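Okay, structure first, notes after.
Here the chain labels run A, B, C and D in written order, and each chain numbers its own residues starting at 1.
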Amino acid sequence: MKHIYTDLAIESKEIYQEENKTEIQGVSVDVVEEKNHSVTTVKVLNDKGSSIIGRPIGTYITIEVPKLNNANEDLKDEVSIEFSKVLLSLLKDLKKEKVLIIGLGNWNISSDALGPKVIDRVLVTRHFFINYNKESDESMANVAAMSPGVLGITGIETFDIVKGIVDKVQPDLLIAIDALSSRKMERVSTTIQITDVGITPGSGVGNHRVGLNKETLGVPVISLGIPTVVNAATMVNDTMDLIIGSLKNEAEIGKEFYSLLDELSEQDKYSLIEEVLNPYMGNVIVTPKDINVLIDDLSIIIANGLNIALHPGIGIADVNRYIR
Amino acid sequence: MKHIYTDLAIESKEIYQEENKTEIQGVSVDVVEEKNHSVTTVKVLNDKGSSIIGRPIGTYITIEVPKLNNANEDLKDEVSIEFSKVLLSLLKDLKKEKVLIIGLGNWNISSDALGPKVIDRVLVTRHFFINYNKESDESMANVAAMSPGVLGITGIETFDIVKGIVDKVQPDLLIAIDALSSRKMERVSTTIQITDVGITPGSGVGNHRVGLNKETLGVPVISLGIPTVVNAATMVNDTMDLIIGSLKNEAEIGKEFYSLLDELSEQDKYSLIEEVLNPYMGNVIVTPKDINVLIDDLSIIIANGLNIALHPGIGIADVNRYIR
Amino acid sequence: MKHIYTDLAIESKEIYQEENKTEIQGVSVDVVEEKNHSVTTVKVLNDKGSSIIGRPIGTYITIEVPKLNNANEDLKDEVSIEFSKVLLSLLKDLKKEKVLIIGLGNWNISSDALGPKVIDRVLVTRHFFINYNKESDESMANVAAMSPGVLGITGIETFDIVKGIVDKVQPDLLIAIDALSSRKMERVSTTIQITDVGITPGSGVGNHRVGLNKETLGVPVISLGIPTVVNAATMVNDTMDLIIGSLKNEAEIGKEFYSLLDELSEQDKYSLIEEVLNPYMGNVIVTPKDINVLIDDLSIIIANGLNIALHPGIGIADVNRYIR
Amino acid sequence: MKHIYTDLAIESKEIYQEENKTEIQGVSVDVVEEKNHSVTTVKVLNDKGSSIIGRPIGTYITIEVPKLNNANEDLKDEVSIEFSKVLLSLLKDLKKEKVLIIGLGNWNISSDALGPKVIDRVLVTRHFFINYNKESDESMANVAAMSPGVLGITGIETFDIVKGIVDKVQPDLLIAIDALSSRKMERVSTTIQITDVGITPGSGVGNHRVGLNKETLGVPVISLGIPTVVNAATMVNDTMDLIIGSLKNEAEIGKEFYSLLDELSEQDKYSLIEEVLNPYMGNVIVTPKDINVLIDDLSIIIANGLNIALHPGIGIADVNRYIR
């Protein structure tokens, strides 16, 4: 399988199937369509599937809401509730009385601030449990929340900060939130991915970091993310494919050129584009121009969904009150 | 001349010369190279030049500082001083005792907030003149400053707000600041354009607005801008050109394809890309991911330069004190 | 009447009555108590009342919501709706198809940013009317909105900016929003005053500015405000009164001292405190420490209330969608 | 000694001496006056001094700069340099190759955000040492930096977060920064206290927390703070003292009242005021109204001073480049 980068399992699946026109062995896919949104569950079942799709064994659920960029309050609430159900489905066999929520990403970069903004808005309760010297409560979970920043801000690996806190707080469960990249602009700020395999901070941009997962932290890690940017090389690649595709049908010479490019593996073409784009790359992103406003909205939807899922005594009408 | 959009006169000139391999009639170009920066003066001398280059008669000066994205304080001060000199050269025949500075753009969008951020940092003095009932002062100009927002925020045309204020304040001169778009990523946040022909807010994104200039406002308008984004279609177009160019030298078939594409006018190719990119376009920008941080830095450089130029009694060592 | 400063007509009335133990001639007072809030309508009926209470002839309505600092969403919506009703009662004989909303105050000072924050959140529609070339619409008013800043930021008198915009936009009605000061901490961020007499920006801090009202602007001006600070001299004065009051009952000598202080007019005592406090004064405020968070909440409540009142086609469930 | 609360050792000393008119046993005081600032070193030498002054044994150095609220760049640089010298004098016998800087306080509350704002601006270098696999460097220290938030934001005790990070990073030295309260408005935002005894987060507002110090963390802790608020009860108390003092000289009866109040211990009077002020207290602060702007300035001064002290290879002209 080629290695065009994407943070979304659903896109890894799509890439494979575009190339191979077959089902993926060791991977199951289930899609539920609703009026305003769809839910796709990709399960990587075994090592074979894992090696084909390039992702750890586990469950990857994607909620797609095409109109989320322009949603009214009803649709936002619908998404918060759907998200809370999906989250609870992944948590159903896990202990979840003490939860630590971690907002990954760099708060100084608009498109990377999703995690920290959710942390600003999530309902934190652990200090009530400390103050009232209580172990648990039926109506609410014991929730702590923190944004560790990024290595360039703190000089400390995200993993080290999170591990230090996990050791002190000893949660049953860690939930990590991060901004992702997508291959397709239409998925940006309209798609939520939730997975039970943990997350490697900054992995989307080619850095090698220690992952946050059960093996490294000793507690189950649910991660959720929303694409906020498209990779620039991906955008050029996809646009060229469309253009050459249209030429192919029009001119003999286009057809020949197309077959020439076709002989290049996808990977070679992508590498060629990356090389050409090199002066653009690294720090360049392709993003909606009002991404900071979109992320404000999305962080409220996610925070509401977390509050609904974790605090069963608090309904949708009430969780909004905890949101600033 | 083809109509690939750019806010920079220096790029209009480059596009013309790439296509026509000749000097532009009615347009003079002068380049001064310094160690850390270059200054290019494009003068549109007559109607002929204006119609070829698609810009009003007037002077367009571009300061390019390739290392500005990663500048130390000395380089920043150098740029502030160079900018103040260029500005004063454009002002030398103009009355400039009472100046109104206008920061164009949408403060809610990171890449569009340059103007409002400069306004936050520029030294405003008009209220001192009012309080001390003074007409003028040798050491400082009488400066008012304002960010009018954008139509989508206020419901009011920028021109109407600015005209209303000009009528009350009656400045000798208006200086307008705006974020621009460039065709080349390497110009983003490294290039300052200063011109004496005024500016049309939002013109870069295809809207038709009333311009801010001497005809419409009754006072001379100097405008200055810094590119903060690259047009997505431009980026794809330029990348394709580079890729096809590299193929041209390598394969017979590439050469043929190249000549096919070459037969398409540049304009047709660009339109094709725009069409394909359509779902991406409109709200999508290509920008450095830390654009909000870069714009903070640039707004200090511009504000310092304005303070140096307008307040001769205040040196570089002191203007910094007015900066937050 | 003594001149302890307050922005609230309800407090002017209280001060008069504390001193004089009588009704105020030429001023009517009406109080409606509800479960969670009360509404007090003070009408200054004639010149006699105006001179006694030190305020222009007109209607001053105060909504007091003691628990507003710690409100859930239901209470916030209740206040938005109550506020919209009170606003509409003041507007009932006024043309209100084209409305200009002005957010007074300095956005750089947490306690003074109420007006600008409401402007950030109010539903602006005037550009739709321009784009669709429409004069009016049954479901929504034609609303423009703007924050003019303060003299220290722009170098331009607030009145001049507002007058310039009124001349261009020609609204039927202007609504001005401002942060106020109160004599009592318990009113801070729990009280909304709405009045039809206009407003003088910065009047609360002793500056003399041109007012925003029908005489100066040519259109009716509704102003609304929420106290966000207590005057430091007021706080000391009130605390001393309470302490000396408690001493009065306890010790002979306290009684004598009290009568000595009592012989000082209230005004003299207040001046004495102001003099002593002088090094503290000017820039010092007494405010809740989380005033920036409180003002975020209050700006949503006010923006929602304005949207409900001005856009009859949009209900409470929907206006929230326009809020960021 | 009475227990009027203050975060400043210099004020504890003043209170003692106002009451007792004697030197404090076991405490040495040294004052150096400069043109624009003074440096007062209070050393608590033994248990006797510690019990009198109510503070741990150690050194407390206070830099007072009366004009700091309105400083130009030269004065700001002077303060950064003086602060760096004082800091180095406290560090002279300590290992300081690996430093962890902690910004205490709540970033959502303007007057409490000093620590987090310094962290935003301090030069972090630890990741360079990691990337280049280097142990030490002559021109710069290995610096990590972090703002742990407060219990109400994270649900986690500040101590637990800091301890977790100290265990991972294993610094030679921890420097903690916090906003303080003062008894006197003139010290607010004009005074820096640096001490080698560590700090107890939130101690100023009556909470009991685990301190950050060598005993609890295993590394030396230098703490530095700047007063940003005055306690409301303190302000009333001090104002009353001044008023009654002025009455004392004027009227027989004032004199008698004064002696009555004088018979009340200072502590009783303070308690009385606190009781009367109770509805005001808790969340109410007395602060300069532009405290957020002042704290921006102060955080740059402190960050520059830290950079100068910790990175000997970087001079004053250059550290500014690291400041945003």
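We take it that a contact is a pair of C-beta atoms (placed from the backbone, for glycine too) under 8 Å apart; a residue touches a chain by one contact, two chains touch by 3 or more.
What you see is a predicted model; the values in this text were computed from it and never measured.
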{"item": "Co-neighbours of subunit C and subunit A - touch as defined", "value": "B, D"}
{"item": "Residue-number overlap at the subunit A/subunit B interface, same or different (half cut)", "value": "same"}
{"item": "Rotation, 0 to 180 degrees and nearest 5, that superposes subunit A on copy subunit D via CA atoms", "value": "180"}
{"item": "Per Cα centroids, the chain farthest from subunit B", "value": "D"}
{"item": "Chain centre separation (subunit A, subunit D; CA means) in Å", "value": "42"}
{"item": "Between subunit B and subunit D, centroid-to-centroid distance (C-alpha), Å", "value": "45"}
{"item": "Length of the line joining the C-alpha centres of subunit C and subunit D, rounded to whole Å", "value": "37"}
{"item": "Shared interface positions of subunit D, touching two or more other chains", "value": "293"}
{"item": "In the complex with subunit D, residue positions of subunit A that touch it", "value": "124-127, 130, 142-146, 149, 151-157, 160-161, 163-165, 167-169"}
{"item": "Residue ranges of subunit D in contact with subunit C within the complex", "value": "108-112, 185-186, 229, 232, 235-236, 239-240, 242-243, 246, 251, 253-254, 256-257, 260, 272-273, 276-277, 279-280, 283-293"}
